[in-house]
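Okay, got some structures for you below.
Both complexes shown next keep chain A, but they swap its partner, so chain B is in the first and chain C is in the second.
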Partner chain A sequence: MKYFKKGQIEKIVDRLAEKADVFVPMLRGQQSGFFSWKSYDENYDDLIFDLLNVYSPPKNIVLPQTEKMYNFDQQGQEVIVKPEEIPVEPKVIFGIRSCDVKAIEYLDEVFLTRTFVDEFYKARRDQVTIVANACYNPGTNCFCKSMGVDPLEPEMADVILREVENGYVWEPKTEKGDILTKQIEDLLEEKEVELYELNRFVRKVNYDGVAEKLKDLFDHPMWERYSDPCQTCGICTYMCPTCYCFDVQVKNWGEEGYRFRCWDSCMYREYTQMAGGHNPREATTERFRNRFLHKLQFFNERYGTPLCTGCGRCIVACPAGVDIIRMIELIKEAEPSV
Partner chain B sequence: MNYTEQIRQIASRLLESGQVDMVMAWKKGAFDYQSIPYVARSREDIDKIIFDDYCVHNLSASLLRYRDSNEKIGIVVKGCDSRGIVRLLEDNQIRRQRLYIIGIGCSGVLDPLQAMMANSGFSRTKDISGLAAKCANCIQPNPVIYDELVGESQEARGPGNRFERVSEIENMTVEERRTFFEEVFSRCIRCYACRQACVACDCRTCIFEETRPQWVGRETSISDNMMYHMVRSMHMVGRCIDCGECERVCPAGIPLMLINRKLIKEVDRLYGPYEAGMVYVEGQKPPFSVYDEKDPDDFI
Partner chain C sequence: MSNCSCENPLIPQIVEVIKIVEETPDVKTFYVQKDNGVPFDVMPGQLAMVSLLPVGEGMFSVSWQEDDHLQFAIKRVGVMTDELHNIDVGQRLGVRGPYGNGFPVEKCQGRDMLFIGGGIGLAPLRSFIKYCFKHREDYGKITIIYGSRSYDDLCFKEELFGKWPQEKDTQVYVTIDNAEEKWDGHVGYVPAYLEELNPDPQGMIAVTCGPPIMIKFVLQALQKMGFSDEQVITTLEMRMKCGIGKCGRCNIGSEYICLDGPVFDLAQLRKLPPEW
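Showing the complex of A and B:
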């Protein structure tokens, strides 16, 4: 096995950063997320390879919250459109967990398959190499395994890191992974080490049959009850590693400006606001229901999998205690109304 | 603080006699440290109602959901939350007759979000002891408006230092202040949780949802974020009841109460003595919600 000592990790990231923008999990003051190694300040930032996960999901690396699309300039009768250059610097997401790797797999499905390739997403995505950190100790609200994610074998990873006593095993999986391995070869040693076993999950849920069952529950009174605490803020959707909805907006000053896209949330009224003034999802209940139907039914109908990787962030972050595990259980318990 | 039994009894009386159609309270979530807003609508729901130290939420904001209906509502409020009801009454958002207010003399609550975070694996902080941050400078532990009171009357906790941090910011140079606020607002992810948790935010259509014209851009850039927070805070003047929910729910740790406290301080200095929602007098209007021809306009 290829192995390196824990103390070497910064050296490894340093080396990888010679050829790519490396994103590592950090606590930065009040923030917790993947930040560029270039911006790392040892006096302020705290590297958190030892923690379960970062609070803000890494989706912003492939789908930035705000992304310019093109610039325009009107000159007389003519409009000059200048495409926005998408930066093509190679990127490494270093230390990403299985749930978040799976989330990128789902984003790939959305942006790269079914007859349409989103050029903005593709340009960023093509540059990304994934160095995953296998997850041996599920957290209190983790349920990735219940959602079909293997915490120890992130399928799409180019390299898998496995935490062992005092160090990490470096396990290249793809050609991209081999390229990284070559870059750091002198920092790795050959060593047989014992791997940990996966710890018990505190929470689990059975998703079997939920998508099918939901087809008959659209008008069920439960949505009104269960949406009682929901404040319709966007926390659950913005902290979610899989939520990908965006809006296309424009900024202009006089004759010139640019068009950009930015994350949007089905929790917002504006999300479904129509030009004529009608809003099909005016009430909390309707928006709340849509979030769960998209995650647990609609996405499954189109892509054969729920749009949830069991990372548990929405459960931790919801100010009102809305709990997707509990929702799945309640859906299973619900009697279809007549 | 555990008033579960008392509140269940009141709720049961109110629902069974038909005096109210629903009772807004709390129930337990998946963990001991999780209490969740809950609406009991029938006798069967009463056993779910609880009131313990983790009942941190200000339920008065949820009343806005029922402003267009005629249902009668029982609602459990702590001291700070009750000030939210006064604000809603002043703004004609709900009629007093529709409410049965169950007031709690509050000795301070714990924050389930903080506990969830500490137990989640996402945080280095494992300590979940101590009152919710928002309770540290409580000035109103006892309800200012109620139909029935539960629990003992409580002493306020350290109201004197409420503006300490505000003074620190005031004493910064302009440059230092700009740097401080830029860092703070650059973290905002525009999830609007601060607005949604806020009882003072009772506009039917929020300015941030207006599209014709769009007053504030939707980019998460420093300029759009600053604009969002500037407008949000200006709308809080004379309206913030110091319940601290906005800051508590913020997933980016933005010190929203620091800004709100500055507003509380200024509105008191310029138009006071005034503190929002401390007493309900029918027909009384807070500063910035009335127009008078004698208003000074020499600055225009």
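Showing the complex of A and C:
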């Protein structure tokens, strides 16, 4: 087994950062997320490889919260469009957990398959190497295993880190992973170490049959009842590692400007507001229902999997206490047709 | 600055507006051209994203394609279309596409065609109607039922009253909501007119587009007349941003209107949640 001592981790990140922009989990003030190692400041930031889920998911690395698409310049009736150059610097997401790796797999399905390839996403995604950190101790709101995610074997990872007594096992999985291994070879040692056992999950839910059952629950009064506390703030969608909806907007000064896209949320009325006034999902209940149906039924119908990796962030973040695990249980309990 | 590439489906091509036709007080048809040709080929019923660069982008059905231009009939309903209605010939616009499935023109071959439109809803139907006329021998009898609030609000008057009724085996029925002095034709709503005309569903395909309330009653009327769900086709509208099935918002159930639609038959629609 390839192994390194915990004290070596900064050296390893330093080394990887010679050839790539390395994103590591940090506590930055009160916030936690994946931030560039280049921006690390020991006076403000703490590296937190041992924390389970950082608050903000790393999806912004492949799908930035705002992203310029092209510039334009209109002179009289003439107009010129110039595409924005997409950064091609290699990136490493270092220490990402299984749930978030799985989320990138789902984003790949959305942006890279089904007729059209999203070139902006592809350019970023092609440059990303994933160094995952296996989870042995699920957190209080973790339920990844219930959603078909293996906390110990993140499938798409190029390298898997496994925390062991005093150190980490470094387990390359792909060609991209081998390239990183070569870069840090002198910092690794060969050593046989004992791996931990996976601790039990505090929270579990059974998703079996939910997608099928939801087909008969579209008009069920449960949606009105359970959407009642929802403030439609959209935090669940922003914190979700799998939510990918985006808006396209324009920024201009006079006749010159650029078009950009930015994360959007299905919880907002404007999301489906049409010119002329019609809105198919005008009410909170309709938007709340669409969010859960998209996650648990529609995405499953289109892509063969629910759009939830059990990271638990939406449960933690929701100011109104909406809990997707509880929602799945309520769906299972609901009697179709009232 | 170089002109944009077409390899990225989210980046528009630049086209020139070569002609603007004022159809009604709030509908204009824009003829757009790129290098004396079209930016891309479009099938009837397909969509394209049109942008007035400093203002915004909107998804519109292409209401007809000729060898050297595309036509978009656009109603003034919001910020972007307001600005569009103020441009002059010569203006450059952005356009990307084509998006969506379009009408099943081949599947309808050999059938009698019934087109039922209301208001600006005739714009997408027009691409199919004109396609039928262009390939006249492939289709049977053609019946067009169209209505608007008033005479002034009727789109494509020249074709509606001049050209289309001259086509072989073609009947055009026009109605307006309320009686007017300058109108001596039929008065009343489209669904009622349809019931009055009572077309025989035998071998016929009905294609309808219009305001949601009209579509609702037209579908009911067609069902009453004995049209099966597979014989009824409509096109749906949702807010769209990307056009390529990524941005999320135009879903009805697990279908994306921009990609899987906008054209569906009633049998397909009945499987979707009732958000259309």
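Miscellaneous remarks
The rule is simple: the second predicted complex is superposed on the first by the 337 of 338 C-alpha atoms of A that agree within 3 Å, B and C clash if a C-alpha of one lies under 4 Å from a C-alpha of the other, contacts with A are read in each partner's own complex, and residues count from 1 in each chain.
The rule is simple: a contact is a pair of C-beta atoms (placed from the backbone, for glycine too) under 8 Å apart; a residue touches a chain by one contact, two chains touch by 3 or more.
Every value quoted in this text rests on a predicted model; they were computed, and no experiment measured them.
Taken together in the superposed arrangement on chain A, chain B and chain C fit without clashing. For the three-chain arrangement built by superposition, the Cα-centre angle with chain A at its corner and chain B and chain C at its ends equals 90°, in steps of 10. Of the two partner chains, neither chain B nor chain C is touched by A:Gly7.
Contacts of A:Ile235 after superposition on the shared chain: chain B is touched, whereas chain C is not. Applying the stated contact rule after C-alpha superposition, one finds that A:Gly312 touches chain B and leaves chain C untouched. Using the contact criterion defined above for the overlaid structures, shared-chain residue A:Gln273 touches chain B and also reaches chain C.
When the two structures are aligned on the shared chain, A:Ile325 is found in touch with chain B, with no touch to chain C.
Applying the stated contact rule after C-alpha superposition, one finds that A:Asp247 touches each of chain B and chain C.
Contact with chain C, but none with chain B, is seen for A:Val81 once the two complexes are overlaid on the shared chain. Contact with chain C, but none with chain B, is seen for A:Asp118 once the two complexes are overlaid on the shared chain.
Applying the stated contact rule after C-alpha superposition, one finds that A:Phe298 touches chain C and leaves chain B untouched.
Following the chain A superposition, chain B and chain C show a smallest Cα-Cα distance of 5 angstrom. Looking at chain A, you'll find residues 247, 273 touch chain B in one structure and chain C in the other. Against chain A, the residues of chain C that register as touching in their complex are 1-5, 7-12, 14, 51, 53-58, 75, 77-81, 88, 90-94, 212, 237-239, 241-242, 244-249, 251-254, 259, 273-276. Chain B meets chain A in the complex at residues 29-31, 34-39, 57, 61-62, 65, 112-113, 116-117, 119-124, 187, 189-193, 195-197, 209, 211, 214, 217-221, 245, 248-249, 251-254. Contact residues of chain A toward chain C in the complex are 69-74, 77-83, 110-111, 114-120, 218-219, 244-248, 250, 252, 254-257, 259, 261, 264, 266, 271-276, 278, 280-281, 286, 290, 293-294, 297-299, 301-302.
In the complex of the two chains, the chain A residues touching chain B come out as 27, 29-32, 46, 48, 51-56, 65-66, 137, 139-142, 203, 225, 228-229, 231-235, 238-239, 247, 249, 251, 260, 262-263, 265, 268-270, 273, 284, 312-313, 315-317, 319-321, 323, 325-326.
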